[in-house]
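Lettered A, B, C and D in written order, each chain numbered from 1.
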């Protein structure tokens, strides 16, 4: 089975192979002997070709947060089966965008109404958190299908605020 | 222990600075009183104090900014002094006044000094009178558009518009060409009004290759002002400092003496008492007065480590009428890194619960923090969670030590400024010492290639072992014993995520 | 970063000292190689190194004491030097020899110096030759009972019997009267044979009001020996140090100079290279040579904090042939507290799993540790888990700071030496500075009355709330919301106790 | 209900009373307003008559380990019901002593045999742990009824090593 890892704009495909009690990972023309042992309290000792890396791996839905030597990388990770399932699910939503609260905060402005046409990059909601105002923008052109928040509302991180349907074809 | 200068201090703050003040107070034998809002019921400062008083809802405007409630709490518990920390009421002249009227010592300057230095226009005037060099610019707010345009042309673009009541980098706009001046002034006024309730802005030259260099002073009630050298604070994002160091690589002994003299002159001219910081803009070998912060500064620990002093102790001492110490010989080099809960890409705040915590240690490492496992990072307050401060024999060693300590520190639950600080410290630009406030825009902020390789591999092998276990929980191939560990980890993680 | 003196160091140790050495090596750009036994598979030193090599079962005799395995590991990974830390192979002359033969630099003295100083009788002879004062006693092992009795009478009771090959307080017997001398000698020989494989013992005067004061030196290959002042290590239980401080309150500048001179003289006389400590017995204004430890000492950080130096860095530098630094001006006062896993009443080791961990922080606090949440304290190794080191402007402030930091530190899972250290620091005897090695026997080791009140009340109210909940889980009387918390805590604790 | 706390040789009896949302604890002629709130991760914020104490309370079978301001106190704690139950259980064992390993270690000497008479304070087993030899002694006179260990055995902390029956009456 293939494993797909994505960090920012870097995408890699990993394969794993076990033989003789040794785990070998490969990615393109590179490969490594790998050992990953859980230490406890979220820490893992990763050994790659004899080099130690004291990692914290925090597995969450669809991605892992890896911390190692001061770095913190949020890495999207899925295997072949999950990728197929995600593609299917994505096809079902038919390109609908959901604008979510990037962090817990207070909605200080709602810039759109249901039925309004929006362009990619256009601010739809302004969220205030940590004393700063953060504009949330549409990722693609579309038509606002529902507004799930209003000015003054305190929202949790990840809360859906606005739904935008794709623009009519043509 | 010698007799404490006060019996009981109320610390009108929260977070790491409340802990910082509490530590020195405890060491001096002064009883500590914490105040806390709803959101801070479990905060370390509220738990570790001798007495804790609840002062209201989570919003600062209903708790930590409510001078009346805080003063009432001080009276209620019999505190004989109030330490304001930084932020909140620390530069609020009315509060300093109210404390005096209530017979509670405000551990900070007089209302007069706060008022004078808090008004940027007045402060520039005072600095000018004390012969402290100023950035070319206007000493007054100008409301006449034509005059503004004319003066900006005289000073020469780029120019800067700053809120008179501003501070901490807020309410600053840079204008590169005349046609954007009026619109920028309008926006600056609006922002200033919204943020500070005062829409005055002033105009000044935007200097080239600016470095932010500041001088720490402590002044007593007897006219003595001690200057504890300078701090370099040019590593900033969003006009907020991220990495500070002392000494500054480009300040010569001669320049240092001039800067310290200027700082002492200004403090004396305004009858200053307490700890204060005179911020200068350093540009191409010259320095200009920026502003004076009439309080303890976030980055004071680098001065403490280099000079071997306790500035909070000095604050208590001079507030009680004692004489300020003389400046000892400095030693080595110190660097501070602010650990903020923020996205290292966007610098947006990162909220969440601190589920795991690994603290750095070893030689030359100091950590000032309010962190504890289970702590909630809420949207109500500043995103700074901790300050990592290192000290070593010289600058190159201090840089390596800072990197080493940052690599030891780990927080699970929020993103932090650690990776950005690492990038700065590892950059050739920082190592050269020849950097300015644009440094963070100039460096590559991505992790090193080796760490990207390791991170992606770790995520992939973790996922592989996990899915393998799910698919064949009873598989045994010699690596079997490792697999059930994933179960344990998942269980611990799930539990850890519950609100405790 | 300047060019590292070595490419790759193997750290032939574990625990906090392995972490200590690793930190400096990393800061110097030297790659680090850890070795670990079965019990240390998850230990921090093994995880944090660049490379980790498994060297055998948990018993030290099969892992950390196996010079052959360690040298093989060094060759295997291409380490160009070995740092032995303290304990284990650090004072093993054969290992130093073997390293030299294998072409791997031993970061420590030559086999000759180790051998000479490791033999107490030889060491006394060398000290005598270098005109370093000795405690009145015999320079040789005496097997003739009659001669022993005669010599003991000459020296005057009480006398002490010490194992020639001993160290760290092991193998010492004090004899107060003649009739117990021969039996004690017999027991001392048996213990020495069992512990060190060498039954030679020697006799010396047991001095009154003894203080244990030692001088830190670092010597290079060019004949330079720098002395970094003294450390006072008289707070001991079971002849093991618990609290150390620098400087020593009763050492005058004149006496300090004489002690440092003597230490340097001895180091030069034996052609010493590396970091070493000359231990003196201080008694009523005089000092006598005790022994020389030919390695880095546990308590080296107090010297580092006071002088602003990194002794491990100096060790690497002189091992590579560089010149040792000169001694900088010392500053302030430093105190170290050893955090051991031990019962504070009986001093017996306390084993278990570290389930929770709160680290101290703030100004002037350094923590050298190998602690992590989930760590198992096993019976295989020394019980020292961490060293808390504080620095302040003067002794009274350093004492208050040490107390404050100790009160912040918490370990759940084992008993520790923290309460005993607190008692010592809070005692009038310690504060007076006028104490000797009997201090821990003289002070009251019970917690203060207020803390006993609080502790008993906390336990009782906790039990009350728990039983109340069990009895009436649905009761609501306004305090209801607190009760379910007990459920959470119990669940967390149960999970925490599982081996992770 | 009464609550009995014991720390070393100090024994105290606590009573609790709730009224008006306030918890009052009393012990002899002393009493306090008490509030105990769980903070998380084993920490409790205890407020006694307005003074804060940041405690760690670790509840174990029959006792609590309380850590506060650098102190660590192992406090035996039982309520009336538990005390009654313990008294009953104790009566059942009829005074038999069980010599337990005070910590994990290795048995380096067994000084007694079954049937041997021992006196209070007499060493019965020597246990080596952390490089030190620790003698374990009988607490009272008696007769060894069983020896559950032998020289060289590695034992866990709390393991029963020797059982000693009370001496025959008279």
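We adopt the following convention: a contact is a pair of C-beta atoms (placed from the backbone, for glycine too) under 8 Å apart; a residue touches a chain by one contact, two chains touch by 3 or more.
In this text, all values refer to a predicted model and were calculated from it rather than measured experimentally.
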Length of the shortest touching-chain route, chain A through to chain C: 1
Interface with more contacting C-beta pairs, comparing C-D to B-D: C-D
Between chain A and chain D, centroid-to-centroid distance (C-alpha), Å: 52
Separation of chain B from chain C, taking each centre as the mean of its C-alpha atoms, in whole Å: 37
Where chain C and chain D are represented by their mean Cα positions, the distance between them in whole Å: 31
Between chain D and chain B, distance of the C-alpha-averaged centres to the nearest whole Å: 49
Multi-chain contact sites of chain C, meaning residues that touch two or more partners: 48, 358, 372, 488, 492, 500
Touching two or more other chains - residues of chain D: 37-38, 41
Interfacial residue positions of chain C with respect to chain D in the complex: 344, 348-351, 355-356, 358, 378-379, 381-383, 403, 406-407, 409-410, 412, 415-416, 418-419, 422, 446-447, 451-452, 454-467, 477-479, 482, 485-486, 488-490, 492-493
Chain C contact footprint on chain A (complex, rising order): 37-41, 43, 45, 47, 50-52, 54
Of all residues in chain D, those that touch chain C in their complex: 1, 3, 5, 7-8, 10, 12, 14, 16, 18, 21, 23, 25, 27, 32, 34, 36-38, 41-42, 44, 46, 48, 53, 55-59, 63-75, 77-79, 102-106, 129-132, 134, 157
Chain B partner contacts - residues on chain C that touch it in the complex: 1-2, 19-20, 23-24, 26-29, 48, 301, 304, 308-310, 328-329, 331-332, 358-359, 361-369, 372, 391-393, 396-397, 400-401, 404, 408, 488, 491-492, 495, 498, 500
Interface residues, chain B side, partner chain D - complex: 34, 41-42, 46-52, 77, 372-374, 500
